[in-house]
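Two complexes, one shared chain (subunit A), two partners (subunit B, subunit C).
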Partner chain A sequence: MATPLIEARNLSVRFGVGRLTVAALDDVSFTLAPGESLGLVGESGSGKSTVLRALTGLAPLSGGSLKLGGVAVPTPRRMNFFTAVQMVFQDPYASLHPRHTVDQILAEPLAIHRIPHAETRIVAALREVGLGPSYRFRYPHQLSGGQRQRIAIARALILRPKVVLLDEPTSALDASVQAEILNLLEDLRRAFGLAYILVSHDLAVVAHLCERLIVLRQGRMIEETTAGALRDGSVKTDYTRAMLAASGGFTRVGPTAPPTAPLRNT
Partner chain B sequence: MAAGPSPLTAWLTTAEPQSRTQARVGHAYQSFRRLARNPTAMAGLVIVGLLVFVAAFAPLLATHSPIASGDLRTERLLPPGPVFWLGTDDQARDIYSRLLYGSRLTLAVVILVSIIATPIGLAIGTVSGYFGGWLDRVLMRITDIFLAFPRLVLALAFVAALGPGIENAIIAIAITAWPPYARLARAETLTIRNSDFIHAVRLQGGSSLRILLKHIVPLCLSSVTVRVTLDMAGIILTAAGLGFLGLGAQPPTPEWGTMIAQGRRFLMDQWWVAAVPGIAIFVVSLGFNLLGDGLRDALDPKASR
Partner chain C sequence: MTPLLEVEDLHVRFPLTEGTIEAVRGISFTLGRERLGIVGESGSGKSQTGRAILGLTARPGEVTAKRLAFDGIDLMAAPERLRRSLRGSRMTMVMQDPRYSLNPVMTVGQQIIESYRAHKRVSGRDARRAALAMLDEVRITAPDRVMALYPHELSGGMGQRVMIAMMLITGPELLIADEPTSALDVTVRGEVLRILDQLVAERGMGLILISHDLEMVASFCDRVLVMYAGKIVEELASGALDQARHPYTRGLIGCLPKLAGDSHPLPVLTRDPAWAR
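Here is the complex of A and B:
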């Protein structure tokens, strides 16, 4: 078997000190193969976003090891990590600098990594996410939520990463725009052979985009399963089953089935 | 508008700019239009513009020398009239001409103090807010020490140590002016520091210096600009106060505060000698305050929808 792109072993992250310590992540392990797409699901506070923050170094690891392409990832992260791993944030209204034009936003990563031919790269990046060159000199406040998220995706892809971390990329968007963005992500993945780690509380989104998924609860891994198992309902643990029931409409449960899960759709 | 917007307006307000320059100019134009909608802000802008104009063309506008005395026997303490438009002082100098040349000093004080104090405040505030930890504590305690002194008293101490003169007055005011800017910049930085667009730059491998200079400072700049503009009235008053106390500009330099100090002796009988520079200080301070208030509304990022 080829070396996995990302190999995470026994990751743990703690916040706070002394008696107030909270284990945000406890002993989470997973691997991600090139071109594969992995979903992380769980309710609010289950630590799914913390996994991404720990991968990128935004949250310090208190235990465990992390390998990228078979090589241990140092802290602080090196430049080659940032060209291989990029992230799309949840809220497109907060992830774009309010005073920068689209052009400035997309030029920034190219300038940091001293990549030549920025002009053509920027126009190409806009085209990849389905936006014309007319969007290039607009400010974020002149764009809709879906357009902003496309810019955020273009910014993540402009360095040609191998892995893109998606932190609830559609939860801040309208239902109709959600589908557009999901299809765009699917197309881009096929076109560039990207690997995704998708964090979501929306099982339908995860099942749409991912082959494998990990269910997290209170920072621990509850179950590792597949999108297929999710679809035909053959998941192993009660918690996952309860989640499935709670995300009603996805599984065709009868009207009498009580949604007894301790879940909220935030 | 039956004829529709002019080509220039269309170029400025287009939603699809064709170049970086057009985007930037268009953005500035939108901010200016927000400012222009505010009549008091425009009044402030006119006053400040007038100050700049008068300072630039003082030699052309002045009718007499601001320093050389006139005939001390016949031209002392004359009331405003056709020859001396705003009267003369006890040295038989034309107050109108002195006022015009004094605007140069006032403007120089305001500009130099903001050029010195704003970068210091911004640098200390953003570094302190961005890095946090012990650096934040040390820098903020230093700021607290400077904040604890009344501005005029600290300026007095500095001028007393460095010697009187307009240059030392400027340094003294600048040293006492930066702490509020540092506080403000730090507070802004704390709210920006953990936002997603800063995380995004960090994930692109951007250095702390790049994040501070290209992302945090531009966002702090607008609120600090507003604060500096509002403080300019205070800066003018402090400079005038130091001049009044004899610790700022020295006679015969036509500085407004010094002019008031000299006119004080004749306040009862020849009121115009002290009143005219007093009115000038009042009007210019008011102008900066009005402009600052308007800028606050125009530059507020939350209002820029």
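Here is the complex of A and C:
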């Protein structure tokens, strides 16, 4: 077997101290092959974002190990880690500096990594995400939600990473804009042989973009499954089955029937 | 019989120095004691419709209508005092994120009791009893413990139940819920919808459910209005998404990734300028 791009073993992350310690991640292991796309699902607070933050070094590991291309990843991360691994967040409003132009936003990673010919790279990066060069001089507030998410993707891709970590990249967008961004992510994946780790609460989005997925609950991996299993309903745990059932819209139990098994204080 | 709500040719405009924004452009519908959905993408005018009905349009917004009536009361002619007393007692609105609509420095109990006593002349003890009963109705376990919590101590789903409890304690006849579940997990979302559904049925209320989630709204509501650029472009019967005729509605349905059936690339929505006319 070829060397995995990412190999995460027994990752644990704790927040807080003493009695107030929260085990945000507990013994999570997975691999990601080059060009592969892996989904992370689970209810909110289950640890999905923490997995991505642990990979990028934003959340300190209290246990476990991480390899990139077969080589152990040091903490703190070195600069070359971020030429291989980049991240796109849910909220394109919060993740772009409000007082920087698109040009400044895209120039920053190039400057940090001392990459020459910034202007050519920026124009090419904009073209890759379907935006013309005129967008260079706009500010984030002058862009629509979808355009901002395109800029965030352009910024992630400008260093030509091997893997992009996507945290709910389309959750804040309208359905029509979501479709455009999902198509863009697929095109870019094909064009550059990218691997993705995608966090989403929308199982249909995960099945659309990923071949494989892991299900988290209270920081633990409770199921590893495939997009195919989501589609034909052959998932293994009740937890995943309940998520699948809930994603099918609202089902009325009966015109006046009381709800079955009321879920309290969730 | 007088309908619960009559809306005819409702307009909401924002005159700004750089030009007037037409947020709602002449919509009409009536509502009985039923569940009506309003869907459309962001900026289509859903929230402004809800706010105009309640009289909560922000300055410098202007509302006009041939008729806007609640239980036969002409809201366009009603003095602000009457509208304020209707709002909160007989008609009310639940917003998307309870963390922004609940008062952060008051406990859950204080807030529910205060909103009850603002509209009902009852003793503190009776108000407290009513608040506990209402929390139980939205299926909160140990309501007396939850009454003592502050909003930041609630999970999203609990916060939303508390909001619903606060809005429904005065026994309103019309509830406008603006994206009440958009900030919630899918599993919790189903539970909150089930609570709303049951309360609406038991109390014979009218509900306007505003959301961008076409599939959810169509599975929950008796009727669905589809808004585009401030207008209603189509009305659909419950569960009849497959019978949508307007190219905008069909485009919206088409561009969603689906678990049943895998299409790459996803169809995208091509907008016809004629839709906005």
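A few points about this structure:
Here, the second predicted complex is superposed on the first by the 248 of 266 C-alpha atoms of A that agree within 3 Å, B and C clash if a C-alpha of one lies under 4 Å from a C-alpha of the other, contacts with A are read in each partner's own complex, and residues count from 1 in each chain.
Here, a residue touches a chain if its C-beta (ideal position, glycine included) is under 8 Å from a C-beta of that chain, and two chains touch if they have at least 3 such contacts.
This one's a predicted model, so the numbers in the text were calculated from it and none came from an experiment.
Shared-chain residue A:Gln142: touches subunit B; no touch with subunit C.
By the touch criterion stated above, A:Asp103 is placed in contact with subunit B alone, subunit C being left untouched.
After overlaying the two complexes on the shared chain, residue contacts for A:Asn10 are found with neither subunit B nor subunit C. In the superposition on chain A, A:Ser65 makes contact with neither subunit B nor subunit C.
Residue ranges on subunit B touching subunit A, taken from their complex, read 15-20, 22-23, 27, 195-197, 199-206, 210, 214-215, 218-219, 301, 304-305.
Touching subunit B in their complex are the following residues of subunit A: 56, 58, 77, 79, 82-83, 85-87, 89-91, 94-99, 101, 103-104, 108-109, 112-113, 134-135, 137-139, 141-142, 152, 155, 159.
Touching subunit A in their complex are the following residues of subunit C: 41-42, 139-142, 146, 155-158, 185-191, 193-194, 197-198, 201, 212, 214-216, 218-220, 251-252, 255-260, 262, 264-269. Across the complex, subunit C is touched by residues 43-45, 145, 174-176, 178-180, 182-183, 186-187, 201-205, 207-208, 230-231, 242-244, 246-253, 255-256, 258-259, 262-266 of subunit A.
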